[in-house]
């Protein structure tokens, strides 16, 4: 193990880690927004759109993310939609994650019993107040474990963006090994980088889960 | 759901510690070549610890050769499911001369060295250029082809000098000597690195880069089929020699391959290989004498 | 010749089918092994022994956090070069997928076991059933109903994850798709090849996964 090499690699891995963080952040963000929209559409059974949303969820959940990325990156330009690798990666994560988040959020919404809505109404709360103070907190509590699982899942899914020339941790590791054959050092840095990213996220999300559970009686 | 645990994070540390110690312990293992005792032939401890020595291949009855599956006309899979190409032509002959079946394994550029160090193939015939770094990982035979680095770009935005790439994007394939060369010599030029050659060319077609760096031979072949693109610069850096590669220390196989090249192959074998696989592709654009290397000697 | 024709005629379609064969082979074998091992692992996770449980959770976290691509690479290339573990790429895939799948499924089994109300156990004992009988006649039939949808979903996830095996040169669906496109890119005759091929590949995966997902949902609602 060449320890000096590790020192040289550290800034490169830091850059790649930052790329993964950005992808993860925007991917999760996009997924939550898209997922929430789709969940509401399905929960309220909006005609027509509900069907489309259902179809979207099926396609996104039953095809591998790798194909989705390839399709976005190499397929779409042929009909005039060309976006950078980074943009495609985020679009892909949003497309995939949105479906999973939608299901998680919807299960949360449907877990809130009918009686809650009526009780809130009888207390004179408006629609928005009901949603904000009564429904959403409960829905979130039920949905949170699934949501946190999806967050970890999405961050791990970023590991294939190397196929569309985005320099994430896997891509960097493969580049270094491919050019200089320093497997030991590169893999060690890879493992460390993923841990630096995933451990705090995992611990943080679990703490969030615990707080939410305690907040609800 | 789960009961609240006193130290939930200790469970996270266990796998962390386990993996780190595994990696760190492999450092010491990495100093000596892997003893593939599981796969070594019965008893007969040959000097080379590499599995896939000549005797073993004869015993197995199969020669496993790593080639490209997506780099026509050197190594590709036709619609009949059979491998074909300049490298494959050579591989077929080797199998015939050794009296064994040939098993082709499709590799990507980056997988060529690991395929040998990891004992996945006996031999690599995949447009494999001899470089210093690679020579430390594998053993190369005598060369059978000459190539040089070239840059291909769209005709209406032709790159004719490397300096024109400043501020632009260069497409390369992961694991090729072009990737290494440009990283070492022009680190300031931004690279878009793709996993396979086919992805790299697809990216060039989509305009995701301003030029693609590859061996001149691949590019010439591709350019002829894809109007609108031309090889703007040839001969960047030193010319490269393409050779067969075996696992380090596999002297029996290496010596045999070299013997084939210098003595046993019919005269002008590689010219024949060229005629069978490359001539149609290049037509008048290339001169076989400048590409092919006979008997492993460069004049 | 239209792209779809070209894709389906010639040997391309046939090769794609072979690729799908590899996808299903890896996914189904890994799923079967994962389910069997996962049941055992589920008992480990639900164990009263703190150390056993802790070890189980640690293992589960590990297989959940580590990206599969990295594990495939490590086992196929790294372990072979450094430790001499030389196994084929298909075997590597099955091993890694099973290690991951068993962990995931174990957690599902644990969930199913713990979701059976305590009084089921108590009533069984009150009726004089032995431990073996209790499990055989009361617990397991109920657990099976709860875990079957999840088992089917696991198969679906496995099928999708096999796409990563292209990183270790398995000639599965993704690899064949890209190979066909590379042949198309050699010329200008089929510029729309990527769009067509990736669409076909997506449909292929969809047809493999969606029926399973639907079946799982139906079971969940009728057995739940």
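Each chain gets a letter, A, B and C, in the order it is written, and its residues are counted from 1.
Here, contacts are C-beta pairs under 8 Å (C-beta built on N, C-alpha and C of every residue); 3 or more make two chains touch, one makes a residue touch a chain.
Every value quoted in this text rests on a predicted model; they were computed, and no experiment measured them.
Student: With centres defined as the mean of C-alpha atoms, identify the chain lying farthest from chain A.
Tutor: Result for max centroid distance from chain A is chain B.
Student: If you count the C-beta pairs in contact for each pair of chains, which pair comes out on top?
Tutor: B-C
Student: Please indicate the chain closest to the centre of the assembly, with centres calculated from CA atoms only.
Tutor: Measuring from the global C-alpha mean, the nearest chain centre belongs to C.
Student: Distance-wise, how many Å sit between the C-alpha centres of chain A and chain B, to the nearest whole number?
Tutor: 36
Student: How many Å are there between the centre of chain B and the centre of chain C, using C-alpha atoms for each centre?
Tutor: So the centre of chain B lies 32 Å away from the centre of chain C.
Student: Rounded to the nearest whole Å, what is the centre-to-centre distance of chain A and chain C, using the mean of the C-alpha atoms as each centre?
Tutor: 20
Student: Can you list the chain A residues in contact with two or more other chains?
Tutor: As it turns out, chain A has residues touching two or more other chains at 74, 183, 187, 191, 195, 202.
Student: Can you pull out the residues of chain B that are in contact with at least two other chains?
Tutor: If we look for residues of chain B contacting two or more partner chains, we find 1, 12, 19, 26, 30, 199, 202.
Student: Where in chain C do residues touch two or more other chains at once?
Tutor: 61, 65-66, 77-78, 81-82, 178, 181, 191, 194
Student: Over in the complex, which chain B residues touch chain C? Could you list them?
Tutor: Going by the criterion above, the answer is residues 1, 10-15, 18-19, 26, 29-30, 34-39, 51, 69-72, 76-81, 105-108, 111, 114, 117-120, 196-199, 201-202, 205, 221-222, 225-227.
Student: Under the touch definition given earlier, write down the residues of chain C that touch chain B in their complex.
Tutor: 10-12, 14-15, 18, 54-55, 57-59, 61-62, 65-66, 76-78, 80-86, 89, 111, 169, 171, 175, 178-179, 181-183, 185-188, 191, 194
Student: Taking the complex as given, what residues does chain A use to touch chain C?
Tutor: Touching chain C: residues 58-59, 61-68, 70-71, 74-76, 78-79, 152, 156, 159-160, 170, 183, 187, 190-191, 194-195, 198, 202 of chain A.
Student: What does chain A use to touch chain B in their complex?
Tutor: Within the complex, chain A contacts chain B at residues 1, 74, 77, 82, 85, 145, 162-163, 165, 167, 171, 174-175, 177-181, 183-184, 187-188, 191-192, 195, 199, 202-203, 206, 210.
Student: Which of the residues in chain C come into contact with chain A in the complex?
Tutor: 61, 64-67, 69-70, 74, 77-78, 81-82, 156, 160-164, 166, 174, 177-178, 181, 191-192, 194-195, 198-199, 201-202, 205-206, 209-210, 213
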